[in-house]
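Have a look at the structure below before the remarks.
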Amino acid sequence: MITYLEAIREAQARALADDPRVYIYGQDVGAFGGAFKATKGLAKEYPGRVIDAPISEDAMIGSAIGAALEGMRPIIEVQFADFSTVGFNQVVNQAATLHWRTNIPCPITVRLPSGGTSGAGPFHSQSMEALYAHYPGLIVMTPATVEDAYSMLLEAVAIDDPVIFCEHKYLYYHLKADALPTEATPTGKARIARAGRDATIVTYSAMVHEAIACADELATEGWEIEVIDLRSVKPLDTDTVLASVARTGRLLAVGEAWPWGGVTAEIVARVATDGFGLLDVPPMRLNAKDTPVPFHPNLWGTHRPTARSIAAKLRDLLRL
Amino acid sequence: MITYLEAIREAQARALADDPRVYIYGQDVGAFGGAFKATKGLAKEYPGRVIDAPISEDAMIGSAIGAALEGMRPIIEVQFADFSTVGFNQVVNQAATLHWRTNIPCPITVRLPSGGTSGAGPFHSQSMEALYAHYPGLIVMTPATVEDAYSMLLEAVAIDDPVIFCEHKYLYYHLKADALPTEATPTGKARIARAGRDATIVTYSAMVHEAIACADELATEGWEIEVIDLRSVKPLDTDTVLASVARTGRLLAVGEAWPWGGVTAEIVARVATDGFGLLDVPPMRLNAKDTPVPFHPNLWGTHRPTARSIAAKLRDLLRL
Amino acid sequence: MLPAIAAPPQRLDQPDPLDHSFAQTYIRAYRWMLLARLTEEKLANLYRGGKVQGGVFLGKGQEAVSVAVGISLRRGDVFAPLIRDQAGRFAFGESILDCTRTYLGSRLGPMRGRDGNVHRGRPDEGMLPMISHLGAMIPVVAGTLLARKFRGQFGTVGATCIGDGGTSTGAFHEALNLAAVERLPLVVVVANNQYAYSTPNDRQFACRDLVDKAVGYGIEGHSVDGTSLADCLEVLGRAVDQARGGGGPQLVVASLLRLVGHGEHDDASYIDPALRNSSLGLDCLTLAEQHIVDSDWADGAALAAWKEDAQQQVEEAVATTTREPAPDPNEEDWCALASRHLRDGFVTE
Amino acid sequence: MLPAIAAPPQRLDQPDPLDHSFAQTYIRAYRWMLLARLTEEKLANLYRGGKVQGGVFLGKGQEAVSVAVGISLRRGDVFAPLIRDQAGRFAFGESILDCTRTYLGSRLGPMRGRDGNVHRGRPDEGMLPMISHLGAMIPVVAGTLLARKFRGQFGTVGATCIGDGGTSTGAFHEALNLAAVERLPLVVVVANNQYAYSTPNDRQFACRDLVDKAVGYGIEGHSVDGTSLADCLEVLGRAVDQARGGGGPQLVVASLLRLVGHGEHDDASYIDPALRNSSLGLDCLTLAEQHIVDSDWADGAALAAWKEDAQQQVEEAVATTTREPAPDPNEEDWCALASRHLRDGFVTE
């Protein structure tokens, strides 16, 4: 059995083994193996290529861009996604514009340990995919499975553009698979995580599992719910979403991030503009509440969508 | 005649005159009067209250939060909205969370000279409203008229929450009114900028004027297009939008920002979920292209929506 | 008139035994340190027992410098503590219940379950609640002082603590520079505990001594032995006085070692044994106790009584807190704005 | 063997008249400065005539320090110029057409109309294209050097320029610190022209001298008279050599005054006349010309010929550029990604 976190470690090990241009840079990623142990043992296995950075997210990411210009393939670990706000400028204004301005690629991978866990509070829980997806010039990955954590991270390193890799901390230890994948779905293709015909839930990252749990529950009542795992939110696979809605006629978009804007707005807007006729009933959205992510587990459990709140929403949708 | 820019200056003069808690802090805002002259003469009129800051957006905004805790009402001028990326963390993690965490308000106003002008290029043209609107705890204003530039800025200073004030640089000199307003529409209420019955354009900031020009053009062909000026994108006045779509049955959301996410996605998603039955035909969106804002005027003119590209889109919508 | 010829200034770690005010301050500081140590030991136990919400980050070994900050401040001053500042918090006036309530998830805590543990504060009482982003509190403290300067209000001080690692942040730099330009009464205390999480100083900065940064901002720099309470009281007292007197920002760098893991989940196995065994690895609390005994300021019975008293405060606070209700999501209004009428009414929950 | 007893080192502004290599370097530098000055004068004229796209930010008064950076670098080094570095760009190898094509909006320019003017660069030739956010280029240059260090590639240098105002950014701090920790061969040149736009130094920083920041990073600091080409060549030469030789990052602070507005829209009326009339206000180009004459390195005829040659280059470049086509939006592919197959296919235009 291999966890989502181990898959991330293994992908990095393989990237380091296969490609001499790869190095990993981030706070405590060296001998210590990273705050989450996503680089455990790698500094020893690949001496001089897994390096502790000072607490300087702007300079960390800026330096990765420079190294990419020299032909390297840096992987930057930000200790928590939330701290990427202080490296934000280098990502959105430097990395994201470089190729468009100069025709020279900027192949950096920025790993963002993302999303909520119990007791983590407002500054160690954020889901920032929508911020990065808004900017031109970035690829934003949001793997929901052990297999994707592995193969998408390898692909992120191989892609010639800056990739924001939103790995979900809740899945780090909770999610296990039998083995690492030998094949991979290409980036930009969504996945039907569970087939169904009565309604479509479109979601990504940790919420895929809440959606599946909800679908399992509703299955006991005879409903067949399709769950689409977007895998990457930019590019966003509109075709797979539309094809599913064409089958089910009902759409619920679910995201762990805040309600204004974000992935759920983009999905619903795309389906409404390009798949209006496919919808039998109005589409729905379910997001976190519009407050910072609360610290206390009681509040946190209510703040973000869960299998239960998804099911409640879905029942409304099916009732229409 | 008073310009949009002068209205901003006048609002600040009045805020300084009326409220001793107000001060203005930003690069070159003092004796020089600001890069755009939005604080012209104010340092002299209000000695010690209009102060030059070092080139330190993070510290500028952080310091405003501290001053707000002391009961002040700081206005921070960021020289160009684009540079707010380097003060981003203080806005979204400190200012936006403070009241929710502590019950103590954080009344700061951050002025962001926003949007594209000819020849300004990728780093002096950005429209960042969607980034800020995504975060809980912020008010995001996007005035489109001289009157709103004045009255909304005064309201921004009065509001007990952090306000991101997106003033559009293209309107600074282009837009003129006869006089300053004596009454104001409250924040959170959209405005019907032009009444119509055949279709609704929902937009904000500089695009309001492109939309009106487009509506004027289509009027010559007999179409009556309603244009809604959102005024603030958070809160976003869904009711006014829905009421308009109820009348017209057709929706086009227009924004100068990039296509993924943003205000147009949020508008279309809201209407699709809550006003599905009001739509006679699928809604549409029109945004800038998904690249950095180009420098050369030829490219810039094609990158962002214009009266012409809006009209083309609208003709498609009316043809359905 | 000629000034009287003064005696050479006495170093505070060799104080005049008759200087009761110094002894009293020292003892008061020691007792806050002791209370902080015992509180944190209790929290560590509760954490191991699964009773604590969120993470636990402790200040063992850093109590002397922390308490010296808190004790040098007055009512009306501003303090933004960081993660290892339980002693300073107590000295500045935080109640032990504020602490236990946050860790144990009582809804009666100052953050009402919305934020946790080291993030607690009471801005209306001058204690700012930290956000996690290192360096980010410094400009906020500077801003409180800027506001006072604008109002012509002098004589108060703002202090904040940060680690060696936090000095690498852009926020640290921008805020110190801004404070220097405005000559604000800001005291920034760097607890140089030789590591930032697992990262040793030689991977964090390359200057000979962090205090060398002061000259680059044009501000006063102070070095202090963080294991010596007397040194901490003297140097912090001086730095705070200078700031209060109009001397502008003060950078204080304390040398010490953290005697626990980064958080309670961490065994700190990366810490160099040579450092542990060096004078940096001495326990400031033990040294302070020894100093009290050596100075004959208290006997064994008094020491035992103080410990007993502190332990009792801790137990009582925990017992009280344990009986308190947890936050109830149904009673939350889930509105991030102070202006409730401006909340965006559209709901996608 | 004992080292030979050396003659006392000569100051370069009193060079041995027989030192042809120095004279040649000086003259080469002077001629780049001259070309830069004339190019910029032309751009200013074109701007006033409404022929330039976007803003025009000029380096008048800063040519000496800028050219000294460019001339001290070699092929294979990295250079990230800022807004006042036309002279350094030329010396580093930029063609005058790259310049005119960007300002005049030719689609044949290196940025193809996508970005403009001071933002141009050719990263594949070691010239990085600046983004506007001040300080943001420093970590990028550091990163190119970090990559070389990882690959065991030594002997090259990265240099970048910034203003007095730019030193207040968090980016400046983080990048210098990172470079110091990694001991990268980075040369950061601060052109202290006394103002950031309208903001004078005393509203920007409070240290006695910006070079005092070096010690806080544990790096070498150098001061240089930015009005003296000889001083600039000597100090920049030394700083670049030291970086190249493994001496780690170098901070060079040049004192001077900008002799034009912040941009061509600005009349710089805020500049203190006392500064203008001080030695800081001297024109480095005039001084350099004088120095050449005084040193008998060239006569009036030669000087006139150089000027003539430079003017002709400028006119030719402008004439060529003016005949070139502007970017055509219909030929743009409007894709920000290098991996075109990964573009988000959904179109809302």
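First chain written, first letter: the chains are A, B, C and D, and each begins at residue 1.
The criterion applied here is as follows: a contact is a pair of C-beta atoms (placed from the backbone, for glycine too) under 8 Å apart; a residue touches a chain by one contact, two chains touch by 3 or more.
Everything quoted here is computed from the prediction, not taken from an experiment.
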Of all other chains, the one whose Cα centre sits farthest from subunit D: C
Where subunit C and subunit D are represented by their mean Cα positions, the distance between them in whole Å: 45
For subunit B paired with subunit C, centre-to-centre distance based on mean C-alpha positions, whole Å: 41
Between subunit D and subunit B, distance of the C-alpha-averaged centres to the nearest whole Å: 37
Multi-partner residues of subunit C (each touching 2 or more other chains): 111, 114-115, 119, 131, 133, 168-171, 174, 177-178, 181, 203-205, 335-336, 343-344, 346, 348
Per-residue overlap in subunit B, given as positions that touch at least 2 other chains: 53-54, 56, 58, 82, 85-86, 89, 93, 96-97, 100-101, 122-123, 136-137, 234, 236, 260, 264, 273-274, 285, 289-292
Arrangement of touching chains [line / ring / star / complete / other]: complete
In the complex, subunit A residues that touch subunit B: 58, 82, 85-86, 88-89, 92-93, 96-97, 100-101, 122-123, 130-131, 133-137, 234, 236, 257-258, 260-266, 268-269, 271-274, 276-277, 279, 281-285, 289-292
Parts of subunit D lying in touch with subunit C, wherever the complex brings them together: 168-174, 177-178, 180-181, 183, 202-208, 212-219, 248
Residue ranges of subunit A in contact with subunit D within the complex: 23, 48-49, 53-54, 56-72, 74, 86, 89-90, 93-94, 96-102, 104-107, 136-137, 139, 159-161, 187-188, 234-236, 238-239, 270, 273-274
Contact set on subunit C toward subunit A in their complex: 53-55, 105, 111, 113-117, 119, 131-134, 165-166, 168-171, 196-199, 203-205, 270, 326-329, 332, 334-336, 343-344, 346-349
Contacting residues of subunit C [partner subunit B, same complex]: 110-111, 114-115, 119, 121-124, 128-129, 131, 133, 136, 138-148, 150, 170-171, 174-175, 177-178, 181, 335-339, 341-346, 348
